[in-house]
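For reference, the structure discussed in these notes is given below.
Letters are used for the chains, namely A, B and C, taken in the order the chains are written, and counting of residues starts over at 1 for each.
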Amino acid sequence: MIREYTHDMGEEVRSISGGYTLEMEGKFEIEGKEVLYVVGNAVVDSSCCGTGGCRYALVPGYVRQFKTRQDERGLWISEVEPIMDRAARQEITRVLKEKEIVQQVQFS
Amino acid sequence: MTFHEEEDIIMAEGIKDKVAIIGMGCTRFGERWDAGAEDLIVEAFKEAIEDAGIEKKEIQAAWFGSCFDEVNVGKAATPLSLTLKLPFIPVTRVENFCATGSEALRGAVYAVASGAYDICLALGSEKLKDTGYGGLPDFSQVLGTRNRLIFPNITAPGGFAMLATRYFAKYGLGPEEGKEILAMVSAKSHKNGARNPKAHLRKEISVEKILKAPMIAWPLGLFDCCGVSDGAAAAIVCRADLAKNFRSDPVHVKSMQIALSSGEELMYTDWDGTYVKTAVKCAARAYDEAGIKNPREEISMMELHDCFSITELVTYEDLGISPRGKAGNDVRDGFFNLDGKIPCQPDGGLKCFGHPIGASGLRMMYEMYKQFQGKAGDRQIKDPRIGLTHNMGGFPAMNLISVNIVGR
Amino acid sequence: MSGIVSYGAYIPKYRIDRKLIYKAMGWLNPATFMPGEKAVANYDEDSVTMAVAAGIDCLNGIDREKVDAVFFASTTPPYVERQNAEIMASAFDCRADIRTADFTDTLKAGTTAVLSAVDAVKAGSAKNVMVCTGDMRLGKAGSAQEEIFGDGAAALLIGDNGVVAEFGGSFSVSYDFVDHWRGTGERFDQQWEDRFIRDEGYTRFIVEALQGLTKKCGMESSALSSVAYPCLYAGDFKKIAGTLGLSESQCVDPLAGQVGYTGTADPLMHLVGALEAAKPGDRIAVVGFGAGADAVLFEVTEEIEKTRADRRGIRKHLAARRELGSYEKMAAFRNLLPTEKGIRGDTVAFTALSTLWRNRKEVMGLCGSRCKACGTPQYPVQRVCVNPDCGVIDEMVPYRFSDRKGALFTYTGDNLAFSPNPPAIYGFVDFEGGGRYWFDLTDVDLEEVEVDMAVEMSFRKKYVDEKSGIHGYFWKAVPVMV
């Protein structure tokens, strides 16, 4: 299953309870496949039950076609294959926690 | 399809069309470093009383809602009577977790419906930004001496996240699919809130951006959770037959019902964890009292308790509007969008207003009120007939639900 | 015949590679390197909770009403005044008409407690004595103790009915040998030089006690199938064996490279390890070292087979390991680092001790009630039955949930709730046989948790009110040990 992923970083996205900013992207190889990830920084300062925030990573998936076209805003779009296999997710989580020192890893 | 359990509903008479709302006020919600609780009370009261066109001395009794008196104005109802200089009238303080605002209104409405008074005031106020840390005051202080020895280390997002976990599991939704539905629920509210000058957060946020936010309590992310705010809201209610003396467009109360958990959800294994049992029972009584037979067809607009997006999603089902397990389809179809069949959270909801606990229930009613009067600006819904507010306090396993139905 | 009727042990799941400790602190005292890994108690464990876990292992399948004395041995009890043995007895849901005692202040307290238990049974003052020992000893950052100390617990049921290992005799020596010491109110031991400890104490008292034992019992050391004694120094551990004429196979593996030196629990944990592998007729000696030494002899009976299947003991706990991947986490768990908890984390509501007293069976023993009218188990104790089709008032009998397994009905991983080991994971447990309640989970990562997974209950430290010096205990759910 192939999905599109739009490379959109740098903007602070706020809710009432806090906000996050996607700061950097990276790729690494695992078992011959290239994994695309994005690192974000979040601050939660006004939620109902505490303060928090974290450095976290999002994993759109394995790269199929990197930055193939641009959308109407000029942002690059890649084609990715979302990662569904549980064992792969666990391994990627382990690698990213060590490599980028993130506290959470989420898969789309 | 039955959306509520069959039971004999025995009612003395109910309160349908006995009471009208003739004035409302609502402060700007937000991080009101500039205002103490007293300031918020006065702000809401001033607008309400001007809107109703009455004098303070015409108010015969008042209900005051505030939840966390530890960090607020303090206990009892004297804070309201002293702040507003109410002239020795009856004033009652009510608290029922996050449904406190609706409880204040319910007290005032029932008092008028009983025939004891002609005009009453309901006001809810909450000042949450003086704790020194973000968020509500620490729960462990308010759970009860025995409960805090045995309750888990629970927060509100966690308590509701457990509803999402079980909902996803039961209906076979993978976490990504489930989160996407929740994101659509929030995105819709943010779009509405962007059009509301009184909202705390006035920005549209796309589903894509919502899904890129971090987790707060798995599987709920940053945008699935409302935040903390200061605010106050007020309503002036009077006997329905007197309403025309004050304005040509009063809003009539059809039903105000609440239902409390029995303990079954938490300590018995029948409840399947994917809905709110009290909401189903409460809605059934409210619909019966208001004479609503087919909510999906008859309700024009709703303000639901969207403390967390999952709450709103299961409430669509609990209110008998979406079929069980299928609310996601209605969300995808835009059924609850501002331009959909039943606009939900037209003012942006708790997501965009934040949640000053004592005030939220009244803020919901404020939006219904303004919509009926054609004063909702570019959020205006065309010719609404029936409005419903839904206010919830506690956790899915241990809660109370307030369902209130109003109309012309 | 009196002796060991049942046995159990507990090793915390977290293990830390000692290289991580050396990497973090070896620059300060380079001589501290030790190989292998050691067991580290989670932030919500202490000597009492570990001893309870060992005790529950020991009591598997045994009617708790039979227990008529509970002894606790530790040099790191959470309280110096509030009886720790009674906290344990409450967790076991023991009767009130029992005797309890704490044995403390020296590392041989474990074996001393066993001897007192045997004496009580022989004298007829008790028939079933629970002896539980646990230690969570603390070394300063960068110290050799930090490398060597491991956390763990062991439990023995001493009685005269169904004995699996008969008491065969003992020999004790007692010396005010101040190899290390800790005054009241002090957090850390201080110790004299290692050469002194090994030359004057370690290599002498264990030998003296064991030789005294074998002489008293009229046997040669070669007649002993296994000898369990602590390993303080690897080289001298072997030296002691040599002096006693013991072969390597006779010495119970002290698990220095897998668990570490677990204080009062140490010799008894190794005794349990030996019992797990023992055959009828085996003679096992256990030696506790501290302020002298106790040497105790047990002879395994035919009954040993009947306990084996239901005990987790050493072997299963050893296998149930989880990586504690950071030194900082260990230091934070042990309060070596003043960590930021935020105002919210620092706020601990006062413990209503009168409420705790009234609800002690519920809180400490995880006892709820079962309705006689409809049979529904419910937690906590209810007076009005929660079954909507019943609702009868005051038809309840006590019902213990602590030894019941369950299924995890739903859960979450909460990043906002303050937790010393985030995220805070909690959920609902639907118990086998009926009943549901919500609990914190522990000893598990969020990625491993699944709806409907099998869980069991574990006695843990729920909170510490540092200002009032109160340790609050309750039960958390953990995945069922495979």
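By definition in this document, contacts are C-beta pairs under 8 Å (C-beta built on N, C-alpha and C of every residue); 3 or more make two chains touch, one makes a residue touch a chain.
The structure displayed is predicted, hence computed values, not measured ones.
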Higher C-beta contact count, B-C or A-C? B-C
Greatest centre-to-centre gap (Cα means) from subunit A is with chain C
Where the CA atoms of subunit A average out and where those of subunit B average out, how many Å apart are those spots? 35
Subunit B to subunit C, mean C-alpha position gap in Å, rounds to 50
How many angstrom between the C-alpha centroids of subunit C and subunit A? 43
Shared-contact residues (touching 2 or more other chains) in subunit B: 133, 135, 155, 157-158, 214-216
Which positions in subunit A are in touch with at least two other chains? 44, 47, 49-52, 54, 104
The positions of subunit C in contact with two or more other chains are 342, 344, 415-418
Subunit B to subunit A touching residues, read off their complex: 31, 133-136, 139, 155-158, 176, 200-201, 203, 205, 208-209, 211-216, 222-223, 225-229, 307, 351-352, 354-355
Touching subunit C in the complex, subunit A uses residues 44, 47, 49-52, 54, 90, 93, 104
Of all residues in subunit A, which touch subunit B in the complex? 6, 13-20, 22, 38, 40, 42, 44-54, 56, 58, 82, 104, 106-108
Okay, in this complex, where on subunit C does subunit B touch? 342-344, 347-349, 351-352, 355-356, 359, 362-363, 376, 378-380, 382, 386-388, 409-419, 423-424, 426-428, 430, 434-440, 446, 451-452, 462, 472, 474
The answer for subunit B against subunit C in the complex is residues 131-133, 135, 138, 140-141, 145-146, 148-155, 157-158, 161-163, 165-166, 169, 214-220, 262-264, 266-270, 273, 397
